[in-house]
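Below is one structure; the comments refer to it alone.
Order of writing sets the labels: A, B, C and D. Residues in every chain begin at 1.
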Amino acid sequence: MSGNVRVTIWNEYRHELKDEAVRNIYPQGIHAVLAEALGTEFAVRTATLDEPEHGLTEEVLNETDVLVWWGHMAHKEVQDEIVERVYQRVLAGMGLIVLHSGHFSKIFKKLMGTSCDLKWREAGDKERLWVVSPGHPIVQGIGEYIELEQEEMYGEHFDIPEPDELVLVSWFEGGEVFRSGCCFKRGLGRIFYFRPGHETHPTYYNEGVRRIIANSVRWAAPTGDSKPKYGRYIPSLEPIKDKGSV
Amino acid sequence: MSGNVRVTIWNEYRHELKDEAVRNIYPQGIHAVLAEALGTEFAVRTATLDEPEHGLTEEVLNETDVLVWWGHMAHKEVQDEIVERVYQRVLAGMGLIVLHSGHFSKIFKKLMGTSCDLKWREAGDKERLWVVSPGHPIVQGIGEYIELEQEEMYGEHFDIPEPDELVLVSWFEGGEVFRSGCCFKRGLGRIFYFRPGHETHPTYYNEGVRRIIANSVRWAAPTGDSKPKYGRYIPSLEPIKDKGSV
Amino acid sequence: MSGNVRVTIWNEYRHELKDEAVRNIYPQGIHAVLAEALGTEFAVRTATLDEPEHGLTEEVLNETDVLVWWGHMAHKEVQDEIVERVYQRVLAGMGLIVLHSGHFSKIFKKLMGTSCDLKWREAGDKERLWVVSPGHPIVQGIGEYIELEQEEMYGEHFDIPEPDELVLVSWFEGGEVFRSGCCFKRGLGRIFYFRPGHETHPTYYNEGVRRIIANSVRWAAPTGDSKPKYGRYIPSLEPIKDKGSV
Amino acid sequence: MSGNVRVTIWNEYRHELKDEAVRNIYPQGIHAVLAEALGTEFAVRTATLDEPEHGLTEEVLNETDVLVWWGHMAHKEVQDEIVERVYQRVLAGMGLIVLHSGHFSKIFKKLMGTSCDLKWREAGDKERLWVVSPGHPIVQGIGEYIELEQEEMYGEHFDIPEPDELVLVSWFEGGEVFRSGCCFKRGLGRIFYFRPGHETHPTYYNEGVRRIIANSVRWAAPTGDSKPKYGRYIPSLEPIKDKGSV
């Protein structure tokens, strides 16, 4: 069934164009590497900031089951109208996978209701992501941990609501910890925040990281439920006494 | 210690002025009745929509430990700037008690990250609020349930994130249920949503309802923690190998 | 993939043999009706209390992905050794669906760590199970609620730990509410408690009830993870300074 | 009000008697040091394994608001009858603070419903406990983290149910992480698991550790609620139609 899951990978796609070191790692952009990783299982397309409507037209979103989001230096350039469009789609059931610096994206902050702030250090710390919820579908096929030789450090406190499920916790060489794999539900939509993926490290080539992202896409895919009904609700399901005050 | 808790009760205060039936129940406004209920234990002040800055100046908020919020017909008139101010205060630790139709207030929706939509019916249903978390401080002194002879019905699905703790669930005469007492944490702030309180019923005179609101104020009062540090974090706490790529 | 899920339906199978009214509803036992309901999608077998080892031999459990449990009048007759065997399998990843009066089974109480007590009344109350988590896989295909014309009432407080996810809440004609669909995780295993199914009502013929049970089996099926490693863990993953005190 | 909280500190008290290195750190036992730490604020008594009924008579427990538990080498010697007694008291509202190796105590495993297993290494790792829920009463007055120069390492996976609230996460020098401060509710009782405190290190003299334990006692103290009613519940609160089948 996962062959039918339609994934849109959204990437800011600025670092790769401006910075040679990043381009050397991701010559066609982070989205291209993620598309290659997910394309073997899902129906994948990509979208980037500088496309019209950031590549996220009504049509594209209506055909998207799970949206993957990578952004960093240009969060502010994402138009509020598009953020609202993505937001409504998540509440209606679209899955959302937020990667790394996407913690500060407008869409993630809007869905969390918090600042999503954290500590950070670009010093190439070793990172070890420990599984704290073995048996969870998102860590299927992952052993006890994933090790990344060099990554940007993110440290607590991470200002998010208590996750519905905490799946991974990171250890950093420099002495910090971080809740690295966090599940949330908003409306009908499932959201997974996954920490790794700084643009100056080849993280999205790592097999474990790719596996977790693929697992999370499968987990976040909507179940095809109809929309709940809201608003005025008359008549009552059970007879109620006439009370005059109505 | 609760004698030192500084409470600001915010009320839209429009229904009472426009509608005689409401004014008959709350002649000085809902805020006045809540102030009377909470004033025996806490240091209480009130604020209303039509005051300058809605009565929620920087100074007032800085002196507020817990903010109680009742609004309904004029959610849109609350200025975004004031909403942002309240929001920042909650993240910094101020408690927030959201009552009844406040589910649709800008501040509650912003903190939840969802639509906060629900079903409703104004037919004077009997409501029975069952305690599902006995031993929780918010239901201290409440028996097994509170019964309200007439209330507006709110029905599921209530579009909120899964509460951190669910304390009360309502039964309605007309056949619906509702998660009526919900705890959340956002940043350093504790938030309690409490369902009852339609303006055409004398709900805020009910002893059980008043007790729950007072309990929730005590529960939501900040613990005086210092603010976490966010942002660039150098140097590392542990020595890390020089990796060149920094 | 769900065609490969191996389900064992365990039924106490006493009421049906002793009580003609129950036998008229479930002539071959509750397990037979559930087996018929689940057999179209899963590889189903059944087991009952009075079989050797209650039908739950090591071999049977090793070949079970999800165990469905219905018991009531003879909880005490379930041998502790078999309970321990089921318990270890759940921690190792087997799914467990606990139905109705199974709330008082030894295995459920052992996994919850609480009394699992509740209120009850056999008066044929109408029950309406409201979906409070639309979009959850367990309520896929269910609309806003399921209605059962007559059921035993179960009322709060239900003495369980706060569920990891609350999916359904029941309304009862006589004035009570109940958390009717509750998700838990213990070790690697997923557990779903589902309230309806008193033996004197034809509840397991209801299409909605059957659909929820089938959905929950799919949701609870293990993901095939390897077992985490516990115990003494030497050497460290990172070099640590010799500290003499070891 | 916390001056009225009655605390019983239970200690196995075997390591201190058998092992000179431990006795040098805790000459009168771990319980004596904890009693000294908590005695400035609470009404404290102590109890140990080798007292009659392990010092936990019905009378002592009935006069205990919060029980602190440290055990390690003799978990099996704790009588099941006493475990059951403590268990019933927790469900009835007594707070329970489980320290360090108490993760494997009978009472903690019974309340959790899981194996409570973990990884461990006695190598004097540096431990840094990071606050992941600032503003929580249990970390009041604690800054961003507590640092312990030498401690036993505990590593994930820690086989517990998802905590109701996760307050602290540990970083270990040797490369592991651990959920070190975990809140649970069982029945009416609040439970806090707090990791540090290996007998060969002077951990319970650490100011931050002592402060967290004191905070947790205050947080876990019962709120004096009456007991919920369970069992047969007749008549109904609302009139129900006579249905014959009763």
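Following the convention adopted for this analysis, a contact is a pair of C-beta atoms (placed from the backbone, for glycine too) under 8 Å apart; a residue touches a chain by one contact, two chains touch by 3 or more.
Remember, predicted model here, so these are calculated numbers, not experimental data.
Asker: Can you tell me which pair among C-D, A-C or B-C shares over half of its residue-numbered contact pairs with B-D?
Answerer: Selected pair, repeating B-D: A-C.
Asker: Taking all residue numbers at the chain A/chain B interface, are over half used by both copies (same) or under half (different)?
Answerer: Looking at both copies, the contact residues mostly coincide.
Asker: As a quick test, compute the distance in whole Å between the mean CA positions of chain A and chain D.
Answerer: The mean C-alpha positions of chain A and chain D differ by 36 Å.
Asker: Round to the nearest whole Å and give the separation of the Cα centres of chain A and chain B.
Answerer: Taking the mean C-alpha position of each chain, the two centres sit 30 Å apart.
Asker: Where the centres are mean C-alpha positions, what is the separation of chain A from chain C, in Å?
Answerer: Here chain A and chain C have centroids separated by 32 Å.
Asker: Scan chain B for residues touching two or more other chains and write them down.
Answerer: 128, 131, 133-134, 144, 155, 157, 162, 164-165, 173, 175-176, 185, 187, 228-229, 237-238
Asker: Which of the residues in chain D end up touching chain A in this complex?
Answerer: Where chain D meets chain A, its residues are 128, 130-134, 144, 155-158, 162, 165-166, 169-172, 175-177, 179.
Asker: Mind pulling up the chain A residues that touch chain C in the complex?
Answerer: Going through chain A, the ones touching chain C are 1, 93, 128, 131, 133-137, 139-141, 143-144, 164-165, 173, 185, 187-190, 222-229, 237-238.
Asker: Which residues of chain B touch chain A in their complex?
Answerer: For chain B paired with chain A, touching residues are 91, 110-115, 117-126, 150, 153, 155, 157, 159, 161-162, 164, 173-176, 184-187, 200-201, 228-238, 240-241, 243-246.
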